[in-house]
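Structure provided below as C-alpha cells; questions to follow.
Note that the chains take the letters A, B, C and D in the order they are written out, and that residue 1 is the start of every chain.
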Amino acid sequence: MSIKSSILKRSIWVFHLNTGSCNACDIEILDALTPFHDAERFGVKLVVSPRHADAMLLTGPVTAEALPKVINAIEAMPRPRMIIALGSCGCGGGIWHDTYSTIGGVNKLLEILKERGIVVDAVYYVPGCPIRPEALLYAVASIKGIVSKKREMKIYKAE
Amino acid sequence: MSHKPLKLIIIAGSKGRVTVKYPYQEPLITPEFRGEIEIDPAKCIGCGACVKACPPNALELLESEKEVILRYFVGRCIFCWRCIDVCPVNAIKGTRNFELATDKHTDLYTLVVHTRTTCEICGKPFETTRMQRYIAEKSPVTEEYASICPDCRKRLLAETVSARRVGISEHKE
Amino acid sequence: MYTLTPLIVLYAIIPVILDGVERKLKAALQSRIGPPVAQTIYDLLKLVLVKEIKTQPTILYVYLSLTSSIVTGLASLYYITLYALRGDQVDMFYALALFAITTSTHTVTPLIVPNPYSFIGGIREVVLGVVNEAALITSISLYTIMAQRSVLKSTQWVTIIAVALVALTAFIASYVASSRVPFDIAEAEPEVASGIFVEFSGSVLALNIYSLLLRRLIVKLLVLAPTVGLLYGFSLTGLLVVLLLLPATWVTYATVAVILGRSRVDVAPLTLAKIYIALILISITVLLVQAYA
Amino acid sequence: MLNLEETTKYIELASKSGGQAKIEGDTVFITIPPDRLVDVADTIFNKYNTSFRVCAGVDERPLNGHFSLVHLFTDDKAGLYVAVKTYLSGESPVAPSITSVVPAADWCEMEARDLLGIEFTGRETYRLVLPPWWPSNLYPLRKETPYNYRPEPRLESEKLGYSREYGVIPLGPYHPALHEPEYFELYVEGERVVDVKYRGFHVHRGVEKLAESRMSYQQVNFLAERICGICGFVHSTCYALAVEKAAKLDVPERAQFIRSIVLEVERIHSHLLLLGVAFHLLGYDAGFMHIWRIRERVMQLAELLTGSRKTYGINLVGGVRRDVNEEKKQKTLEALRELGREFKNFIEVAISVPQVKKRLTRSGVLPREEAVKLSVEGPVARASGVNKDARRDLPYAAYKYVSFKVPVYTEGDNLARVLVRVDEVFESISIIEQLLDKLPGGSILLTDFEIPEGRVGVQVVEAPRGGDIHYVVTGKGAPYRWRVRAPTYANIPALRVMLRDQPLADAPITIASIDPCFSCTDRVVVVRDGRIEEIKLTQLVK
C-alpha cells in the first residue's frame, strides 16, 4: 500500500476543470507549467481528458450551467480521484458565493456528488485570488509531503 | 525552409534554465504582494467596519446571545486589503503569506470571539465590551449612554423631553 | 548462435528511459528543469496501479491488439539484432514484416473505440501510415539490399548517390514513423481532444503509450542497423555501435521535434508522398543506370 | 473637445422623431417613443456610420412605473456617445427589434428579453438566456427578484441538434483548445467544417444583479475586476470611469496616468498569453514556453506596481490605491526594455517556423464587409482592415497625452490577427514609457465626494480584445443598473464566418485567434432550445 501510494505521488496528472471561473486562476495554472515555475519537476502533467487524470484542478464557483458537465467530468476520472479546489471561487464560492446562478464552491459540489454516490478520495483547498503559481506548487509539494501544512484553524478570545 | 527556427537552440542556450526551485528556493515574490491578512485579537473591537467593506463576505460577524464572533474565511478572501484601509484601530495587518493550501476545510477559518455587554435598562445583548470601552475613550461625554442600547436611548430621550414638557418624569427607577 | 534474451529485456526497458531523456532535453530547450529522467517509468507504473474505467464494450479487443502490437514489436527487434549481427537480409525482411504488423495493430486500435476523437485520430494515422509505411518498408528494403553488397568498395559515384538517397528516404520515413511533431497529427491534442488516447484510462493507456515508445525504438534501429552495417560491418561490435548510436539518434530526433511545429493533417501526407516518390524513383533509376552501364 | 455641428444632427433627429435630446459631457441622450425606434436606429447606425455597442434594459418601475430600453452607439469620428432611450409599459413591456437594421443587436435584445422579460416584435425570438430548466417567469434582473434566489438546478446538458448528412464534432465544454467551458458543435465533412453551432455561456455568475443588490459603489470595483481574470483591470477602470462620468467627479491626473500604465501592462500580458497559446495550438510548444517565460517579467512588473499578479485591485471610484514611486518607475522601464528586446528576438524565430507560418496564413479569414456588418472589435476588426481603437477615437484616462500607432492589417486571416497583437505589444511598451515620462505629481485618490442618484454614465475602454463598454445608472449607495458588454460578445458571431469551409485541424487556432474571453461574455447563459417550466411567484418570497 505504502509503495503504491508513493508511486501514485510520483506522477500526478491533472485535468483543468474550469467551472465558471474568471480565468485568472486558469492562466496561473498554465503559468505554473512554464519555465519559471515548471510544475513538471514534481511529475505534474496537464492532461486533456478526465480519463487520464489523477487530480481535478477545479477553478470557479461551479455555475448552475456547468454543473452537469462538471459532474460528468469528475465521474469520468479513475479512482483514486482527487479534487484540488483553486482560488477563492473554488474554495468558498468567491465574490459571487451567493448569486442565483452559482452553487457556491466545492463544498456544495461535494454534497451533490455524495448524493449521486460519486466517491472523491481526497480534496485539497488552495486559497488565493487568483492563486499564485507558487501556491499551486506548494499544494502539490504538500500532497507529495515535501512541505508541511502551515495553515490551521485559529480561534482567538478577545475578552 | 530557412535556418531561423534553429535559433531557438541559441536562445535557450543563452537563457539557460530559469526555473526557480520553489519550495527549495525563495519564490518569485515582490515586497508589494498582498497575501493573507492577520487580525490582531488584542486590538480588534468587533465594530464590523471590515465586514461592511469586504466585497466577497470573507469577513463576517456572527452574533449570539453572549458573544460576537468575527469570522475570517481565507478560502473566500480576495486579498484586496480593503479591511486594512477601513479598520478604525489598525487591528488588521497584511502579510505576504500565500502558502495556505490545506486538506481540511476548517483550517481556512480564523475566529475572533468577542463578549457582548447587555443594555443596562432592557438587558438585551448589545455592542461588544471592547466597542463600549473604545467609545467611552473616544467621547467621554457619552459615558452614561455608552452602556444603553439604541432603542432604550431613544425611549429615554423621548421621556426626558416629555418630562420637560409635562413637568413629571414618567421614568420610574 | 548468440543468446539474445537479455538483450530483448534491455530493449523492453530502453525506450522508457530514453523517453525520460527526451523529456529532459525538451525541457532544457524550453529553458526549464523538467521531470526526472525516470518520470516516464513512474507514469506507466501509476497508470497500471489506478483503477481503470471499463466503459468500452470493445476494451478486450483493445487489449488484444495492443498486446499483439507490443509482442510483434519485440520480435521484430529480435530480428533486427540478428541482422545487425549476421547481416543476413532475410532477418531484416522478417523484422520489417513484424514491424508492419506492430504498426497496423497499433494504428487500428483507436478505430475499435467508438469515440469521435479516437476515430478522427485513427483515420489520420491510417492516412499518414499508408503513405509512410510504404516508403519506410521500400526504402529500408532497398537500403538493406545495398548495404548487403559492399557498395562502398565500388568507386562508381552513381552508387554512392543512390545509397545516399535511399538512406535519406529511410531516415525521413523513420522520423515520420516515430510520430513526433510535425507528424504527430494523430495525437494532436488541441485538435482532437487528447487524440487517439482520449477514451483510454489506466493500464490500457499505459499499454498504448508503451507500444508507441516501442515503435519509436524500432524505427530508429531499423535505419541504424543497415547504416552501421554499411559503414562498419555486421558483427557483435557492429551491434554495440548500433546500440551506442541509438541514444544519439533519439536525441537528434527529439531536438528536431522541439524546434518544429505541427504540420496539418491534409498537408502532411501529400507532401511526404511527393518527396518519397521522387527520392525512391531517382535512386531506382540511378541503380538501373548503374546496372546496365 | 466635441464640436457642436456633430451634436446638432442628433438633436434634430430627436426632435424630428417626436423625442427630445440633451447633451452631457461627451454623451448625447436621446429619448424617443418606441414606434420611432427602428428608423432612428437605422439613421444613426447606417446613415451616420456610428458603431453599435450594446443595448441595455432597465427596470425603472420603482422610479416611474416603466421599463426602459437603451441602445448605445458611439460616433467614433466625432468622439461622441449616443444613448437612445425608449420607455416601455411597466406591465407588459414590448419593444420593436432593431436587428433588421442593426444585426449586431441580436444577442443583447434576447438578453433583455430573458433577464427582464421585455418582448421584441419584428424578429424571431428564442429563449436565449439562462439554463434550460430555468423558470420562464423568473426574471433575475427585475427588482422584485432577490439576487440570491436559486431554483433547484436540473442536471441535464443538451445537444444543439443533430445533422444527418454531416458528422458532428463536439468541441468542449472541456477541451484543450479552450481553457474555459464553452461548447462548439462543428459539423464536418471528412476533415472540413461545413457549419458551426455555438453554445457557450457556462460562466454566468449573475454579476450585474449582484452589483445592484449586495454591493456598494467601491465594492463593485473588485467585482468588475473579477468579470475576467485576463482583462479584469479594463472592466474595473471602465466601471470607475463610468461612475465618475455620471457623478461628474474630476479624478486626479496622476491616478488617470497610473490607470493607463496598468492598462497597458495588462494589454502586454494578455497579448503574450494569447501568442503563447496560439503557438501551443500549432504544436510549437517551445514557442508557448518561451513566450510565457518572457511574459513572466510582465506578471512580476504588475505585482510590483499593484500588489497582485492578476486582478490588481487598485481601482476605486475616484482614483487608485497604489502609487508609483521613483524606484518602481526605474524598475518598470528597465523591465520593459529587457522585455522588448527578448520578445523581438523570439517572435522572429517563432513566426519563421514553417508549420506555424503555413498554418496561420490564409486560415480563418474574416472579410472586411463581414467585420463591419457584425461590428467586431479590437484586433479582430483591425486585422480585417477596420481601423478603430477606443484609445484613439474616444480618449479616456490619460491616452490623450500619448502618441501611438494603431496597427491595421487587411488580410483578415489568423496571421494578421497575430501580427496586430505583436505590433501592439511594442506600441504598449512605448506608451508606458511616455506615460512614466510625463507622470504628473499630486494625489492619486479623491476622498469625500458623493454620487447623486439617477445619473447615467457610459464609458468605452479598449480592452486587449476590443472595445469594452459599461453603462451605469447611479442609485442609492450602489449602481441602480450596471450593464457590461465585453468585446468577445461582439466577436463570437464572427467565428461562424471564419470557421466555415476550414479544415477541422485549423478550428482550434481560428477560435483562439479572436482571443475569446468567455468569462467576460458569459454574464448570461445562452440556450437555443430550452424546456421551460412555470413556477409560482410565491416561491420567490423566501
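To be clear about the criterion, contacts are C-beta pairs under 8 Å (C-beta built on N, C-alpha and C of every residue); 3 or more make two chains touch, one makes a residue touch a chain.
The model shown is predicted, which means the values in this text are computed figures rather than measured ones.
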Of C-D and B-C, whichever chain pair has more C-beta contact pairs: C-D
Between subunit C and subunit D, centroid-to-centroid distance (C-alpha), Å: 49
Subunit B and subunit C, separation of their C-alpha mean positions in angstrom: 63
Geometric centre distance via CA averages, subunit C-subunit A, whole Å: 38
Whole-Å gap between the CA centroids of subunit A and subunit D: 29
Contacts with 2+ other chains: residues of subunit B: 5, 8, 12, 15, 17-19, 21, 28-29, 55-56, 78-79
Shared interface positions of subunit D, touching two or more other chains: 175-176, 222-223, 226, 286, 289-290, 293, 296, 311, 353-354
Where subunit A touches two or more other chains, by residue: 34-36, 38, 41, 48, 94-95, 98, 129, 132
Arrangement of touching chains [line / ring / star / complete / other]: complete
Interfacial residue positions of subunit C with respect to subunit B in the complex: 28-33, 255, 258-260
Contact footprint of subunit D on subunit C as seen in their complex: 26, 29-32, 116, 120, 181-182, 184-185, 188-191, 193-194, 258-267
Subunit B residues touching subunit A - in the complex, by the definition given at the top: 17-23, 27-29, 36, 39, 41-42, 44, 46, 55-58, 73-79, 97-115, 128-130
Footprint of subunit C on subunit A - complex, ascending: 4, 7-8, 10-11, 13, 34-36, 38, 40-41, 43, 45, 47-49, 51-52, 54, 76, 78-80
Subunit D-touching residues of subunit A, taken from the complex the two chains share: 15-28, 30-31, 34-36, 48, 50, 60-61, 63-69, 71-73, 94-96, 98-103, 129-130, 132
